[in-house]
Structure formats: structure tokens, C-alpha cells
Amino acid sequence: MVWTREEIAAQAAQELRDGYYVNLGIGIPTLVANYVPDGIEVVLQSENGMLGIGPFPFDDEVDPDLINAGKQTVTALPTSSFFSSADSFAMIRGGHIDLAILGAMEVAGNGDLANWTVPGKMIKGMGGAMDLVAGVRRVVVVMTHTDKAGSPKIVARCSLPLTGAGVVDAIVTELGRFDLDQENEQLIAIDLAAGVTPETVRERTGIPVVMA
Amino acid sequence: MVWTREEIAAQAAQELRDGYYVNLGIGIPTLVANYVPDGIEVVLQSENGMLGIGPFPFDDEVDPDLINAGKQTVTALPTSSFFSSADSFAMIRGGHIDLAILGAMEVAGNGDLANWTVPGKMIKGMGGAMDLVAGVRRVVVVMTHTDKAGSPKIVARCSLPLTGAGVVDAIVTELGRFDLDQENEQLIAIDLAAGVTPETVRERTGIPVVMA
Amino acid sequence: MPKHKVHSDTQSALADVVFDGMTIMSGGFGLSGNPEKLIAGLLAIGVKDLTVISNNCGADGFGLWTLLNNGQIRKMISSYIGENKLFADLYLAGKLELELNPQGTLAERIRAGGAGIPAFYTKTGVGTVVAEGKPVEQFDGESYVRETWLRADLSIVKAWKADPEGNLVYRRTARNFNPNMATAGRITIAEVEEIVPAGALDPDHVHTPGIYVDRVIQGSAYEKRIEFRTTRVRGEAQG
Amino acid sequence: MPKHKVHSDTQSALADVVFDGMTIMSGGFGLSGNPEKLIAGLLAIGVKDLTVISNNCGADGFGLWTLLNNGQIRKMISSYIGENKLFADLYLAGKLELELNPQGTLAERIRAGGAGIPAFYTKTGVGTVVAEGKPVEQFDGESYVRETWLRADLSIVKAWKADPEGNLVYRRTARNFNPNMATAGRITIAEVEEIVPAGALDPDHVHTPGIYVDRVIQGSAYEKRIEFRTTRVRGEAQG
């Protein structure tokens, strides 16, 4: 049984440590906020200029001046702070954020990451992703293990334009949770979804996979 | 009759234009604030992080958290703002201040300015002076025309370590008010103190002096 | 001068400073903190051949999208296209010049423009197309790419409140690029929801000192469109 | 973590982070906004061979002057000596290393240290001794000198108020270098006049977000010495 989106988010939440400042990307990464382990407190940063993101608002609390980087309405906490885009990326670039969790189209064994364009077909823009992967201390990717055609998204070398070179530290997919060993260009499986075998993972991965 | 300190300040105040943002140095430049011409409004900046400097405080208003760059106690105005040192010098370096008035030890015909050290004898530090002369649109020097030994302080080439190269636009001394023509390396006298002759000025100046 | 900064409407504020071919910075992130009224003013004037520096380019029917749709924009300098189909289509069809910047590099280039810093080094984009053709250098054993400043003929920004001196205060995440852009325009015009009297803003809490603001207009009936209205239900387990 | 940031006294906050030979940034301009209590803590601990980055070096009997007087400082990185006779004498006697920076370059180098920018270009100092030995380059026909970032093992800063998360608010010109230095220390310790409960600071008006602050102590009986008490007399013509 492969993991659901919610289960992937819960697995990624295992990366959180008490006191961490964390930036969560759009999509499944946003769900990670729902699975902060007991006894652990983290502060969420949003690159549009906010530290201390609260839960989504109740309907009568919605404020168009209060959104996250995914342009979703959010709320503030008693210890939140707001700042400009330049100050926000000074925080990110300066290495002050402990962990970033974000999506990807491709990850290579050497840690390269691609997630912002498919030349000639799709141009989404890099937004803050290049700054996050360059500046944040630990970068965790959550994504589907393979693309729609069933081909591996974890590959020997990225074919798409890069978001960052040598930046990915860990990956969570529907098949399992992995550390990326950039030096040896291999995946180290920390945990696999129930019933998923190492062989299944190896078949669907473009680089060697070892068990932790 | 040469000009007094107060008269020098009043003459330097002729450089002010309505709407100017102005940085005044320590000493005579500070006095310029007392001679803002009628009908003209200027906003004073202090490089320690303040825009909109008010008058000196009454005795019972003195606040150690409210000083100018000369470390004198000052007051705020209704439209004042405070900011960090980095933001203050972003303002200065970025060319947003219209006019700086400051003291000098030596000014050269090419606009070079020296005012922060006499090697081996005196080391005051440049403080914000190098940033001001490099970043502010118009730089006016107020100083005595000659040094204690009677030698010219307006010279062909500075002998002291520079604060800035090619930065001085105008000079006010006890003898008169002058524009500095950097291209032709000469002083252009705009106004002389009553009874001061062009010959007197020429005798005490190390570069050519022409009348406006 | 403080007393001359407040203008009555966008036309009076914009008319004598716009020209075809100019470069304009426009604040906002997504649809939050957009200078709605000044953008509408630019649409009404019809100034064209614009280079626009803005993180996004509005969204369907809103903000900068309306200028793009009206053929007034020649080039965008942005970080994100996302769901803006018109933006993507015009670019992919070769009808719009586009310079994509990492968002943090874009913000820092704008800050640098206002701060008199013509170039700086950043790790962001090293090893990607962003660094192609730019100097890359090592500091403390790591590679950094050199990026240059951005400045504009005109910056249009949206704040919450202004005083007559042009001091600005922003509200929550509607701040975003606005304070940075306010510093980097040769002329900066701010639109605000409320002009308050001198003395009403705490000088410790001014976000943009008035020195950066040449003109101010008060807007009304702000649309403040929301892209993704995301809520929770009372009584539901909290995320 | 917010809950662990507040320490009871300077010794508890400093003891396990200081070491001989370390680099310390210390906030303040003149005697305004100085971390008085933390400097006293460093004096009490006696940590030595320090490189101190601070605009000034205190004044007779006050602030960093006391560390200089106690032989704890090996090198100063500053912009201004002014009337500090001990500072000038030790330097001129060759007993103190000194790196003088233009004040704006010093502030920007510190900001760059916190912002992940290893180098930047500025006009300040071109054609002076400050630019000697540094790369000088032309941008848009003008010359700029390259300056590098500054970072520290420890930053000590003085703010007015803090909340338990370490969010800081400064008061008037006591802000100065403090917010910039708070971003550039591997460890940053803030001393404040008042620790307020969570929720007491307006999130739009936090000057230093808590992410930059590792530890907070509340001081008392601040001396806040004034260098030049300059006043006017009621009834006198106003300057």
C-alpha cells in the first residue's frame, strides 16, 4: 500500500525538530503543518514576508492582506512578524531557515533539483524556490516517485533546467522516506510504505537504493 | 570683517532649497539648521538612523535614546521616522539625500576632501563622512579658510588621506561663499564677507579664485 | 515637500511622469498589496512599450494583467508566472520579453537599486540558467554569482496608511515588495487606504520614510481580490 | 524555541557561548543603544583576545571601553574613534589592531553577513585608503569598490522590548546597528528593558523577527549615559 498525500506529509513531518524555523512549499508540503509531532514546536516562514503562520482562517476571519506564499489565506499567531520581500529573502539566503520542504519534477543522485520549467511546454517561474534550495540548511523534497508515464523522477542526471545544484538532502514519496547520499549518488531508504519492497523501489528509481 | 561661525552657518544655509533632505555634520554645519530661509522647508537626516530632526530638547525632554550623529540630544517632529544604520546608509549611498554640509581639513581644486585623520598624530575615524561625500547629491564644506599656521586649506592637491575623491561642490569660509569648479580646479566666489577683497582670498587660497 | 506630496487622484499623480518606453516597478505579491488604482491609471493613460518589474503580472482581469491584456507591456522582469495563462501564452508565443529572476534575487536587486549598490554576490542560481553569462566567484570555498541592481523611472506602491510627509505603513503580507520598490524609483508614487495627519504614525514604526515617496494618493473601494480563499470550519480539528 | 529563549541573567546567557579569540558584534552608536549588561557580563567573565565589531568603542568608563581598558580586546572593527582617548592611544601605540570602515560600509557589511551576501560594490571609499588592495570596478561609467561581508561568533544587541519568541522592538535612535548585528551572529543574545507577553507586540511593527534571536535577558537600571547633553531654554528663540 503506497502512502497517500496525507501520509507523505506525515512522513515528511518526521524531519521536523523542536525549535526549527521551516518553510513549506505549495501542495503536499503545506499539509506537513498538520502533522507536527507531539512535543515539538516549529515556526513556519512564508517567503512573501511572514514568520509564524497560523492555521487557515475561519470564514469570517479571511483577510486579503494575509496570505501565504501559495496565495492561500492564513492567520497570524501572537508571536508572528511581518517583513518585506528583501528582508524575507535575506533571512532565507542568510541560512537562518532550518528546513525547507518542497515539490519537484526531477531529483538527481548528486542532489540537483528541477521544479520550475519544462522548456517549450510549461513555464511556471522559479518564484522563491531557487533561493530556498540555495539558502536553507536542509532541503527535503516531497513528490510522486515516478511521472505520469511511470518513469523515475529520481534520476542519474536531471534533464530539465535546474532549480539548484547539489541541494537535496532527503526525499519523501508514496513509496518511502529516503535520505539522498549525494557523495555516492544513492538513495538511503529510512522507511518504506507497508508492503513496498526494496525491489519495487529499485525498479522505479534511476539511481542505486540501499536500505538504512 | 570676516564672517563669524554664525554668519558662516547663515551663508551655508543659502544652499538650502525647498523640499531638500539634508544631512548636517558636527560643529558649524549643525548651526545651519538655525538659518533655514523663510518659505523654505527642509528635512534633516541623521546618519545614526533618523529623518526629521527637531530642535534641541528642553531640559525636561532630554532622552538618551534620541541623539543626532554628533551624539547631541535632539527631539523628534510629528513626521519623523527612525531606522537602522544599514537602512540609513542605504538612503545616503542610494543618492536620496539632496545636500550634505560638513567640515574639512583640506579641500583640493579637483574636489578631493580630507577630514578624518592626520597620520601619526590624530585618528578620529571617518565615521559616516566617506559615505556622505560619495552618496549625497551636493556636498558643501564649511571650514576656516586657513589652518592655525595661516596656510591655505584649499589646495592644489590634498596632503592628508582622502575622505573622498572629486566630491566637493561648494565651500563656505569666514572669507566668503564659493563654488568649486572641479573641472578647471578653481574657486568661483559667489559672495565675500564685507571688506574682504578678492586679493585677500587669493593670498589665502592654494588654487585660482575667480569672481562669479 | 511634505505639503505638496498629496495628490487628489491617479491622473494628477501620474500624468506628467509617464512616457512610452519607461521602466516601472509595481509592488505586490500575487494579488496582495497591489497598487490597484495606479495600475488602473496607467491603463487609462495608455502609456505603452513598458518594461515592468513586478514579482507576478496580476491575474485574470486584475492588476498588471490588464496592462498586459491591453498590449502596453513590452517586457516583464518577474519571478513567477504560475497560473497566469495570458502571461505564459504571450511569452511562449514570443510576443512578450521576459526576464525571470529568483524571487529573492529580484527583491535584493531592487533593494540594491535603492541602496546605491550596483552589484552583489548570491548563492542563489549558481549552477542554473540564472547564472549563465554572469561572473561566478568563490568566497570561503563556495561559489556565488554576481547580480546587478534594478532601478526604475517610476515605482508604484500600495501601502495601508500615509502621512502628509509620505511616511508609509503597510499591513501584514500586503507589505512584500512595496517598501523595497519605493526606494528604487526615480519617482515613487504611493497609493494608500488612508492619509492620516502628521503625528498619527509612530516614528518607530514607519516602514517607508517619506524621503522615498514623491507623491501620495488615497484610493477607495479596494477590491483586494483573493486568489485562493482557504478556510477551516469551526469545530473541525485544527491543522 | 520560544519557551527556552529567555534567560535569567547575563552569566546564564553568556557562559557557554564565549571563548577566547572569538569575534563579537556589539550594537550601539556612541553610547546610545549599547548592550550595557552583556558587556558587563563579558567583563566579569574575562574572555579575552577578542575581535570586536562595533561602530565605536564606548567612552571613558562606559561600555566597550571597559573591555578595552581590561585588556580583553585584540582588534576593533569600527568607524569612529572620536574622543575615546584610550582607543586612540592604544592604537597609536601599536597595542590594538584596528580596521577602520566607513560607517555605511560597516553597516552594509554586517547586513550582508546576515543576508548571505559575501560581497557587494559601493562608491564609498573609492580613491581613498579604504579601497586599497580591494577590487575596483566600473558600473554605468562610475567606479565602485568591492567590500565583503562581516559575521560574528556572537552578536550582543540592546532592544527596548522583547516577547518570549525573541521578537524585538527598538526605541528611537537607540536602534542603530542593533537590528543589523542581530542577523549576523552565529549566536545572538538580546538584552531588553522589558520582556512582554506573546501577543503584546504588533506583528506589523516587529523590528527584529525572533528567528534572529537565540537568547533574551531583561536588564534593569539602565545607565544610558549621554555624551553631549544639548538643550534649549524655554522662551528662547527656537533654532
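Residue numbering begins at 1 within each chain, and the chains themselves are lettered A, B, C and D in the order written.
Quick note on the criterion: a contact is a pair of C-beta atoms (placed from the backbone, for glycine too) under 8 Å apart; a residue touches a chain by one contact, two chains touch by 3 or more.
Heads up on the chains, UniProt names are A, B = 3-oxoacid CoA-transferase subunit B; C, D = 3-oxoacid CoA-transferase subunit A.
Predicted model, so just to flag it, every value in this text is computed and none were measured.
Chain centre most remote from that of chain B: A (centre = mean of CA atoms).
We define each chain's centre as the mean of its Cα atoms; on that basis chain A and chain B are separated by 54 Å.
Centre to centre, using the average C-alpha position, chain A and chain D are separated by 36 Å. Centroid to centroid, with C-alpha atoms defining each point, chain B and chain D lie 27 Å apart.
Among the residues of chain A, those in touch with two or more other chains are 76, 82-83, 89-90, 92-93, 135.
Within chain C, contacts with two or more other chains are made by residues 108, 111, 115-117, 122-123, 170-172, 175, 203-204. Taken together, the touching pairs give a contact graph of some other shape, not a line, ring, star or complete one. Contacting chain pairs in the structure are A-C, A-D, B-C, B-D, C-D. For chain D in complex with chain B, the residues that touch the partner chain are 29-33, 55, 78-82, 88, 91-92, 100, 102-108, 110-111, 122-130, 160, 170-180, 207, 224-234, 238-239. Taken in their complex, chain C has these residues touching chain D: 108, 112, 115-123, 137, 139-140, 142, 144, 148, 169-172, 175, 202-205. By the touch criterion stated above, chain C contacts chain B in their complex at residues 1-4, 111, 113-117, 163-165, 167, 183, 198-199, 203-204, 206, 209-212.
Every residue of chain A that touches chain D in the complex is listed here, in rising order: 18-19, 21, 41, 43, 45, 51-52, 76, 78-83, 89-97, 135.
Here chain A touches chain C in the complex through residues 33-34, 46-50, 55-59, 61-74, 76, 82-86, 88-90, 92-93, 112, 120, 123-131, 134-135, 161-166, going by the rule given at the top.
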